[in-house]
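Some structures are shown below for you to check.
Two complexes come next, and they have one chain in common, subunit A, joined by subunit B in the first and subunit C in the second.
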Partner chain A sequence: MSGHVTLTSTEPGAAVESAAALPTGAQRPAGGAAGVWARRGGRAAAVTVGLLVLVALTAPWLAALEGQDPNSFHDTLLNSATGGSPNGTFGGISAQHWLGVEPTTGRDLFARLVYGARVSLGVALGATLGQLLLGLLVGLAAGLADGRRGGRWVDALLSRVTDLALALPTFFFSIALLAVVPQSFPRPLLLGLILTGLGWAPIARIVRAETRVLREREYVAAAVLTGAGSWRIARREILPGLVAPVATYTAIVIPQNMVAEAGLSFLGLGVRPPTSSWGQMLSTSTTWFQVDPTYVLVPALTLLVCVLAFAGLGEALRVAFDPKSPVPAHTRRGRRKQAAGKKGEAR
Partner chain B sequence: MIRFLLRRLLGAVAVLLALAALSYLLFYAMPGDPAQLACGKGCTAPQLAQVRHALGTDQPVLRQFWTFLTTLALGHGFSTGPSTVWCSAPCLGYSYQSNESVTQMLLDRLPVDVSLALGAAAIWLLLGIGTGLYAALRPGRLRDRVVNAVILTLGSTPVFVMALLLLMGACVWLQLLPFPNYVPLTEDPAQWAQNLLLPWLAIALVSAAGYTRLTRAGVLETLNQDHIRTLRAYGYPERRIVLRHAVRGALPTVVTVAAMDIGMVLAGAVFTETMFGLPGLGKLAVESASTVDLPVVCGITLLAGALIVVANTVADLLHAALDPRVRI
Partner chain C sequence: MLRPARIALFTATAVALTGSLAACGAGSSSSASSSDAFSAANCQGGTLRVLDSAKNTKGFDPAVLYTSGGGAIPRLLFRTLTTRQSVAGTNGTKVVPDLATDTGTPSQNATVWTYHLKSGLKYADGTPITAADIKYGVERSFSPQLAGGPPYLRDWLVGGADYQGPYGGGTTDLASIATPDPSTIVFHLRKSEGDFPYLAAETQFAPVPKAKDTGKEYNADPVSSGPYSIAGFTKGKELDLVRNSYWSRSTDQQRLACPDRIDISLGLSSAVINQRLSASVGQDANAITTDTSLDAPTLARVSADPALKKRVVTGKFPQIFYLAFDLKKAPFDNQLVREALSYAVDRTALVNAEGGTQLAVPSTTFTPESLTAAHQDYDYFPAGATGNPTKAKQLLAQAGHPNGITVPLAYDTDDVNTGAPAATALQQAFAKAGITLQLQPLSDADFNSTVNTPATQPALTLTSWGADWPSGGPFLTPIFDGRQIVTGGGNFNLAQYNDPAVNAQIDKINQITDYTAAQQQWAALDAQLGKLALTVPLYEEATSVLYGSHVKNAYLDQWRGWYDIASVSVK
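Take a look at the complex of A and B:
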């Protein structure tokens, strides 16, 4: 008859549903960061992500250390006979230009790469933050709205808006928006805003579902009895329970946002030269992959490593928050825990 | 069944209407003037007014939207100077750039995406289900961990990076294949397959990851159930248990997700098409966006939305057909 409940997992937010089905941190409050660190893969991913953020933050000093800047041309390093490909092997890698130079302009690739990290990471993290805020607000409002004071209508309205946002062909929308908004608008900000506007819905869905579960708990009922207002309940009672599912989903979303930014810049719709981002660098490099493969591989592999690191972090976070996952045995603490567990059984 | 389809149809119409309204408002009510864009540079004021009248942009926005909808549903006559051109039923207007009918442009591009989606889906299903099964048979062992690591890596690779690496690897370094150059299936099937091989691989390698995970999880869950224990007790060969009974447990989700993913590729694989120069919807979307060709952009957005809605409905139907617990 009505298959609404049984079929929700096949809606566009299928991944979302499974993420929402993840157990909350309530059973295992010490999951999070410690759990990630305790696993080898998680630690490697966390270190890589930390390094990348550090590179983005210290870009000017790193470029100064190399003695280059991302925007000055070096015509002397290019071979005009081949249409401006760099002289020397591997795209002109040398002691002065650690990763070689860009064909046709001779701009330093290392400097462009580290400056590009600022745009790539900045847009991805900014957009994620925006999606989180919007998703949390909408999800909490929909999840906490109850029968009183027309709350059901609030929930229905917000849920339908969320459904619509999930059904949008987001990529086409962002392409169209980027084309329509005038060039004078700062591109990184625009990218962040568009990604936020098109990507908040899955988070809202998770948050709403989790809130519905959490608000039936006794401690929330107790808070209601003491006369706490909705805002206080949302902040003090519900929010802590949302940390595990939202953190896990956030770790999945960051690389998605990074790839989206890179993709849009790759299509020539994102940041434009002289500003660099990894996607922009890839975009200009595609016509050179036969002559100067280094030029392609530098941004491609950087992006790959970065996305992988974030994906690994997300996976580690998911495992850490999952009470069914085994305690990591190869760490000292894990071994001690397991030994203690065995002792306990023996008794 | 019929009630479900009807409700889905109503829902789909509502979503598409909202989508149409949203894209219309966004693209037509934006600061850029479509008439100016259609008319080009060096357009005189009277010419501009004439174009504006022909496009209908001198009307109020709501009225324009109504015209847009009726044109889409019923067709509309367009006057181009002395003669009147009748644009029949699913009419999305005419491109500002080439003056072609947008509907025709979309129809011309669709076969490319159909070829792309079906071929890629065949590969990613084979790969995903195969590796998922392989990993599920020895959970927690080396092969499981290796498959998991490889799949995580492939699955998080951006599709344009994958396409670029494939292109460099197969066409430049190993020189196995010539550069892809789309040939329609009706012209030469062998050439069609050869030229689409790399695009298929690019999409499939990136997409297979999800299927590996779904298959692995589904098979593992089913293998722990009572009916499998019973089969084992009866002395069924393990091979048959896995291939006939355990895979069944994973199948409904796999097929459902596949239907939705195929819908996404049908709606335009922007990066793969751009990278390999395939003349599909995604490439058209990028081209028309960069030339601010609003009718085309609007048409693609609507078609993409429609394809995704249809794919989701098909996914629900398939899920219900494959999983007797799900009723619709």
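Take a look at the complex of A and C:
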């Protein structure tokens, strides 16, 4: 029902349409999840994301299926005389080691990859969730603050803080923070917290802008007239209208967070050994690209697919929620068929 | 003896920029390259390029440099009383006369050392080199504004502890260094030091003309006594050396000084250096590096290419990578537990983690095999190639830990050698014996302050040790002499081991001035200490380095495990 707000909707007309929650579903393609599923690209992205999450969840069983674990060394699979590179072709791929083994240690790459999914996806999803919560809170507070009770100051203050957070050079800031926090602090949690702390501002901005538009609606005014409190208004009247832009933005942010985790791990500031993450795997493998390309390609392609899938999902969500986007092909076809049927024509 | 190998090696190489030319004289043309054979008599000419990654080289003040055996590049600029012998192989660890006529005459139980200078020695400006200049050079190194050199002089020389150098008020002269005539210099030590000739190879023993001394500014343009002088130096970018016309092979048997010019590029990335050396295109054919060795992936690539493989030389800086126990902390106060860890260790996995057999060699002795003279083979707790977890478990049970133990392991994250790869390999091997290692990664700065301060030292540390010169003395003393325990920081006796009998034994060996005899005693001491499992020796490192296709007579000297630039030719 809340399907029609564009990401950067500033056009009152469009917003009114969405906020009024008119029963327009009949004329419009389904928004949200159904809308994503209705599109081929969205469906592929959703399936890929689902598979990746499944891999992360079932990592121990997948590794057991292969018969390996992520941390055992295999000296016998390496050629110690040539820098510890894996024996055999394609980085030592065999029936026992589906993606080959890591040079200098002989650790199984498939097991490390599936276990690495837990860290990479966990950090990315956790950080995104944190950014979402913080961004919503700040954005709503700033957007709902009104002039009567000194609210303008609240809005101004929160907005400037948001601007400040936006202006921070995120990556360098994370590096500095990761370097000063004691090594005993759990690394994945720390990564999640830092990415949260540095990435909430764009969400807050979108939420604030959207809230300011929504709160001028008649139905919100009506709620105010009935004496509803700010919290109730935020929760019951405003939040539903925010679902579309926020969901879309979230899907875009997840791959960004994943790349950030990979980047920090790449610089040696990510997870600690022997834990694997995709970023850590990529980081240790780069120097081997000429000798053992498989070793580099395994994490690189996985990251690529993952980032593409989330980006695809984000795009599909955006399109699904955008009232101006064309109706998906098969839906159109279906409707045409319906129409044709009414007219009694075969084609 | 207060310096961990890591630091000594680094400075050696940073300094190595200034390198050394060794007259191979005796016969050191080991791994010559390409076309014609190398001939020392006919090797002069051309420009040698040096591709280095060091970018913090501030300059070349002989008082401030901390080198091993004079370093690489400093040895091209500064001659010292003694120097290392410029030959490939084991004889490269020998100390030989340089400015002096011999390696020193000891008297009074090796507490007084007398040197006579050769005649006809001159600086790059044509003025003669005198004994007073060497005395002045040593004195400068005591000045607080020129700190940075090795700590031995302050410890050894009579009155050294309180001397503040020649610049300040009060006494500006160190009485324990006497110069009875312009070509004689006498050092008075407060204790017996049979290794004094090795210390006299450090740059602090290079002559500095008092009239030309500019204090802190001296590092920009030092007066050269070696075969080259500085033509241009841009910090972090490049250093150009040209011939010193007053230097002559007739007074210098250790430097061949083949190239007419030496152009040193600084601050290059190691990947770029190895790529340029392996491609060896244009000017890079005449190139070497003094601080960038091959890492495992590059080595794997080079090994697969016969043409490239020919241009790789391998050497060793005597340095041991080991596990250090704190004997004051449970459970390592119990020898059985220490033995259990010695049995559980998987040296094959460690060697692989370092990049395979070309880059590391397992060692069961604290004094590594590459320190040949002071090495005695022993393996009291045979772990085999990949560890003996059964025996380890049995010992743990005997020690009262039938369910295994959990211990922290500190390691240096910034050290590519003793860092995460080795720590992870240990963790895996120890898990099989019921020993759970909790990894405690520390950054370089944290590592040094935490580990080398007894109050904050972890129970178990993965670290390394090398000596400033190839002798068992600087190798064993800082680690096992109880009087060397420093509570304030900078402590290297990590075991906190203090046995008066061993301390007395060390004093006795220091009185021996015959190198071979002394080294045999050091070796015996190492073998005796090994029985106590005070450390778990793991492996020693090898250095593999590439050189350009036109470079000749490139070998790694065994004193430092790096190129002896003084011997390299590009003609």
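As a working rule, the second predicted complex is superposed on the first by the 300 of 347 C-alpha atoms of A that agree within 3 Å, B and C clash if a C-alpha of one lies under 4 Å from a C-alpha of the other, contacts with A are read in each partner's own complex, and residues count from 1 in each chain.
What we mean here is this: contacts are C-beta pairs under 8 Å (C-beta built on N, C-alpha and C of every residue); 3 or more make two chains touch, one makes a residue touch a chain.
Small disclaimer: the values here were computed from a predicted structure and weren't measured.
Visitor: In the overlay, answer first, second, both or neither for which of subunit B and subunit C A:Pro103 touches.
Guide: second
Visitor: According to the stated criteria, A:Gln290 is in contact with first (subunit B), second (subunit C), both, or neither; which is it?
Guide: both
Visitor: Scan A:Phe73 for contacts with subunit B and subunit C and give back first, second, both or neither.
Guide: After superposing on A, A:Phe73 lies in contact with subunit C but is clear of subunit B.
Visitor: According to the stated criteria, A:Leu198 is in contact with first (subunit B), second (subunit C), both, or neither; which is it?
Guide: Touch partners of A:Leu198: none, neither subunit B nor subunit C.
Visitor: Quick one: is A:Pro273 in contact with subunit B, with subunit C, with both, or with neither? Answer first, second, both or neither.
Guide: second
Visitor: For A:Pro169, is the partner it touches subunit B (first), subunit C (second), both, or none of the two (neither)?
Guide: first
Visitor: In the overlay, answer first, second, both or neither for which of subunit B and subunit C A:Val259 touches.
Guide: First partner only, subunit B.
Visitor: Which partner does A:Leu52 reach: the first (subunit B), the second (subunit C), both, or neither?
Guide: neither
Visitor: Check whether A:Gly83 is in contact with subunit B, with subunit C, with both or with neither, and answer first, second, both or neither.
Guide: A:Gly83 contacts subunit C only, not subunit B.
Visitor: More subunit A residues touched by subunit B or by subunit C?
Guide: It is B that touches the greater number of subunit A residues.
Visitor: Can you list the residues of subunit A that meet both subunit B and subunit C?
Guide: The overlap between the subunit B and subunit C interfaces on subunit A comprises residues 179, 268, 290.
Visitor: Of all residues in subunit A, which touch subunit B in the complex?
Guide: 1, 3, 6-7, 9-12, 14, 163-164, 167-169, 171-173, 175-182, 255, 259, 262-263, 266-269, 282, 286, 289-290, 293, 296, 300, 303-304, 307-308, 310-312, 315
Visitor: Which subunit C residues qualify as touching subunit A in the complex?
Guide: 271, 295-301, 303-304, 346, 348-349, 351-359, 386, 413, 420-421, 423-425, 427-429, 439-443
Visitor: In their complex, what parts of subunit B are in touch with subunit A?
Guide: 3-4, 15, 18-19, 22-23, 26-27, 30-32, 152-153, 155-158, 160-161, 164-165, 167-168, 172, 253, 256-257, 260, 267-268, 270-271, 274-275, 285-286, 289-290, 292, 297, 300-301, 304-305, 308-309, 312, 315-316, 319-320, 325-328
Visitor: So in the complex, which bits of subunit A are touching subunit C?
Guide: Of all residues in subunit A, those touching subunit C are 71-73, 75, 78-85, 103-106, 179, 183-184, 268, 272-274, 287-288, 290-292.
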